[in-house]
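Each of the next two complexes has chain A plus one other chain: chain B in the first, chain C in the second.
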Partner chain A sequence: MSAILAIESLSIAYQTEKGLLRAVDNVDLRIEDREIVCLVGESGSGKTTVANTILRILPPNAIILDGRVLFEGVDLLNMEEEDMSKIRGRKINIVPQNPSTALNPILNIETQFCEFLKHKKGIRERDRCREIAIDLLGRVGIADPERVLKLYPHQLSGGMKQRVLIAIAISTSPRLLVADEPTSMLDATIQSQILDLLLDINRREGLSMLLITHDLGVAMSACNRIYVMYAGEIVESGSTERVISKPLHPYTIALIDNAFLSFKSQGIKRAVSGEPPNLIDLPSGCRFSSRCPMAFDKCVKERPNLVQRGIDSVRCFLYHDASA
Partner chain B sequence: MSTRIAYTLYSLARMIREDRYFAAGFITILVVIILSAAASIISPYDPYKIDLINKLRGPSPEHPMGTDQLGRDLFTRILYGGRYTLFLSASAVLLALVIGLLVGTLSGYYKGWLDLIVQRFVDILMSFPSIILAIALATMLGYGLETLVIAVAIAESPFLIRVVRAAVISIRDLPYIEAVRLMGYGDLYVILRHVIPNIMYVVIPQVTLQMGSAILIIAALGFLGIGIKPPTPEWGSMLNEARAYLMDYPHLLIFPGLMIFLSIVSFNIVGESLKMRLDPKARSLIGSRSRLVWGLYRGGRRGLDERNTSY
Partner chain C sequence: MTPQPRKESIVVLDNVYKYFPAIETIFGRSKAYIRAVDGVSLDIYEGEILGLVGESGSGKTTVARIVAGLLKPDSGRVLYRGFDIYSGKIPKHIRRKIQMIYQDPEVSLDPRYTVKQTIEEALRAAGRSTNETKDLVRSLGLSEDVLEKIPQQLSGGQKQRVAIARALAMRPDLLIADEPTSALDVSTRTQILNILLELNKSFGITIMIITHDLGVAAYMSDRIAVMYLGKIVEVGAAEEIIKEPRHPYTMALISSSPSASRLSKVNIKPIGEIASQINIPKGCRFHPRCPFAMEICRREEPPYFDVGDGHVSACWLHGGAPKT
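Let's turn to the complex of A and B:
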């Protein structure tokens, strides 16, 4: 299988007044063709930074310390901005977290659709653009596209806005869709609808997807593979089934406990208590050690490596012996 | 485009129906503007024609507001005076709006050292009461209608710059603006098409409020003899001429004063109403009841409110 996207040993820090904040540390991530990959983690774990790196829309105070982002074999990080803008919005598109700030409130949907199509596909004729827009809106499950095109963002519900944005995102037939918490601003019933839509699009349009979420429930129902991130590091990865049914890393176990309260595993009663470590002044040992119910001496002193076993990997000393 | 105009008219009609304060202010402004514009049709008199036999008459059927010390019909002079006062204020505010949009958007959009320098300069301008600033500028630039407009515009502009800048900063990093920027559209396109239209909701009420204060400054300059000079009928300079007759013929002061008062209060109330209508965040700040008080209060203490709103 060929990887659409391969992130290799990516490290990113933010320059802050208090020092370097290491948001992403040595992250490896692969997305195969037509695959949906989930990146799961709590807020501040570096998920969005990874997404922004793929699209090269990092804020100016971000420093790329190391690593490569290979998209179809080409390193995006070494690319001229001019070439990058041909990939961003064409081959890689984004579904934003908050649909209500992603649309200009004073322009109707048609105008915004056409502005995008004009720029990305060179479609200048209004009628042609309207045709395409109506077709796309139909494909994302909007019942009366012609009426919706005439409406302004405030006349649409959050779910409808997200559908419109997904329609815009797939209008250029991208290879990869980066969805940064696409459902977190929507209410529960709409969430599952949008998730189903994304799955459907993955199947029909044959595109790969990086789904970023803090919700394991979302990850479980949507993804082929899961990466779990904690404090800037990948702590566990593997197929969705394996991660959910047999989680290895104590953090993943705690997350699953959290997501499915009835599911009691391995004697961990309380969900993740405590705070993630300060990313400016990192502990010398394992980053999860301060919150880990299974931590022992070594965890505080040394940093565990990511142990690979097939498609599974885990960063924890509990599993170091097994691999050796 | 025509649907947009129709929609604006519809919302205006709805506001007039639903908001009696707005209705009162808006209709007053409209009446004053129409009367001034149609002065030559309404009044049979010449505002400059001296008629010493009929001087200093009180209100009567022939002269609804009486006559002044040179026998000129006061009502006619007030109508013609409205042309000067309102037109000059409107021109000054329009110029201030251009300055405010230009400097405010550049400052807020590009931030950095440009913003820092521009804002310190604005600080200097804001540290003077606008009327003092206008007096100084008008004296410095010399007499003339254009220089008067420029002086008042500069005195009015810092408030608009601040308001525009704050609004631009609040939206410049929102995804829909950033997305357009990332598509590779130029800054000019982004600013004109996406930024400025989205900040009009704060600019429109602010401009209306600035109208009130511009009228006050124009009239004050006229009264002090720095602005429009007699015999030109401008409300402020008419007050100046009438000063000597305060005790014996108060109608000479009351009528022009009333016009200044009415137009300022009307613009302020309309401005506050628009602000409440267009800016959801302002709604909690000003209760609808106290708007009348605000309208009156603003006349003397302008600037206070702008400083309390977000920077």
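Let's turn to the complex of A and C:
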């Protein structure tokens, strides 16, 4: 299989008043053709920085320290902005977290759709544009596309707005869709509908997807493979089934244990103590060591490497001997 | 069989309504109303943890504020230990006994006050000695060095602990927690949930937890009440509600939640989206989304049917004699 996207040893930092904040550190990530890959992590783990790097929409204080982002074999980080703008919004599209801020409140859906098609596909005729829009809105499960085209964003629910944005995103037949927490602003019953739609689109349109989420439940129901991020690093990756049923890294184990709660009668779950490390002043050892119930001497002193075994990888000294 | 000891109610909601004006004319008269709470009767038993579950717009936060004594209902009664709290000005000793914590802990923390000042102020208001500040802060797993910090310098989990400490200073016997962990990461979430479980177990504090997350409700609650568009549609023992839900909306909610569906066998997907709280559907308010809707559901609002052992559901599918 050929990778649509291959991120290689990517490191990104932000310049802040207090010093250099190491948001992403030595990250490797691959997305194969037609694959849905999840990047799971808690706030501050660096997952959104990875997404923004792929789209090259990092804020001005971001510094790319190292690494490559190969999209269909070409390094996006070395590309002129002019060439990048031919990929962004065409071959790589985004599904945003907050559908309300992603649409312009003073333009109706038809106008926004046509603006996008004019800009990205050079379609200028209003009738042609309307035709395409109606077809696409139908494909994302909107029952009455003609009516929806006349509406303004405030007249649509969050779920409907997200459907409209997905329709716009697939209008250019992209190869890769980057969805950053696409359902976290939506209610539970709507969330599962949007996830089903994304899965459906992945199958029908034959595109690959990077789904960024803090929610292991979302990852479990949507993805082929999972990468788990903690404090800027990938700590584990593997098939969704393997990661959920047999997690290796103590952080993943804790995350799954805490994400899937049981009944009160089953007793109290052990919580992970403490908080993630400060990314400006990182510990010299393993970044999870201060919270890890299995940590030993070495974990505090040295940084573990990512050990690769087939499609599985884990960054933890507990597994270093087995691979040697 | 030995007779079950009668459960004492700490709070009784008796047919409570609360509407908010939606569109006001220039004369200040409203033409349409948001029917936030549309006839709710509910008991909170002494010493229990009651989970109030619903999506946005279900009215669960309005119920929380009414129980907390913060919002006078349009009609209906709210009894705290038999005393109608809205019959006049709420006496101070009662107001102290009912404390609330919020999704965003900053709501209850003054941004200019240090943690020490916040806690000392609360202790003084409750007529307690400020010498207890350190003990209170330590009992919530916070280190003493947070005492001199202001909210801005604290993490989300620390802020929520301070908000809980502030509430505990009043020696409450009822704690209303409105989405206390939905702004937190999973690893911190369990820490906060465990604190609440401990308060319930060790000090017998009754807790009503408002959440959109059925996984959290299962983990915390003795009983769960499910709200949809201003009405409670189902109430019962937590494990029963999740494992054997009787109302189609509860089934849909469980099926939509990856974490709750692991605890249950039901799997039905709701159709469409939540209706507006202004134009609540006639008959059963869930019927337009219900895969089992019958003719009667479109015409008549279902009464509550007792489906066994205090488990109550408002659905025509149950037939038989309604609970009076």
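Following the convention adopted for this analysis, the second predicted complex is superposed on the first by the 316 of 324 C-alpha atoms of A that agree within 3 Å, B and C clash if a C-alpha of one lies under 4 Å from a C-alpha of the other, contacts with A are read in each partner's own complex, and residues count from 1 in each chain.
The working rule: contacts are C-beta pairs under 8 Å (C-beta built on N, C-alpha and C of every residue); 3 or more make two chains touch, one makes a residue touch a chain.
All of these numbers come straight from a predicted model, not from anything done at the bench.
A.B. asks: In the overlay, work out which of chain B or chain C sits against more residues of chain A.
C.D. replies: Touching more of chain A: C.
A.B. asks: Please indicate which partner A:21 is in contact with in the superposed arrangement: first for chain B, second for chain C, both, or neither.
C.D. replies: In the superposed model, A:21 contacts neither chain B nor chain C.
A.B. asks: Quick one: classify A:190 as touching chain B (first), chain C (second), both or neither.
C.D. replies: It touches chain C, and chain B stays clear.
A.B. asks: Looking at A:275 after the superposition, I want to know if it touches chain B, chain C, both of them or none. Which is it: first, second, both, neither?
C.D. replies: A:275: touches chain C, not chain B.
A.B. asks: Looking at the overlay, does A:119 come into contact with chain B only (first), chain C only (second), both, or neither?
C.D. replies: A:119: touches chain B, not chain C.
A.B. asks: Going by the contact rule set out at the top, does A:258 touch chain B (first), chain C (second), both, or neither?
C.D. replies: Once the two structures are laid over each other on A, A:258 reaches chain C alone.
A.B. asks: Report, in rising order, the residues of chain A that make contact with chain B in one complex and with chain C in the other.
C.D. replies: none
A.B. asks: Inside the complex, what are the residues of chain C that reach chain A?
C.D. replies: On the chain C side, the touching residues are 49, 55-56, 155, 157, 185-191, 194, 197, 212-216, 218-222, 238-239, 242, 252-253, 255-259, 262-263, 269-270, 273-274, 289.
A.B. asks: So in the complex, the part of chain A that touches chain B is made up of which residues?
C.D. replies: Per the touch definition, chain A meets chain B at residues 57, 85, 88-89, 96, 98, 101-106, 115-116, 119-120.
A.B. asks: Which of the residues in chain B end up touching chain A in this complex?
C.D. replies: 174-180, 182-185, 194, 197-198
A.B. asks: Write out the stretch or stretches of chain A touching chain C in their complex.
C.D. replies: 42-43, 157, 159-160, 187-193, 196, 214-218, 220-221, 254-255, 258-265, 268-273, 275, 291
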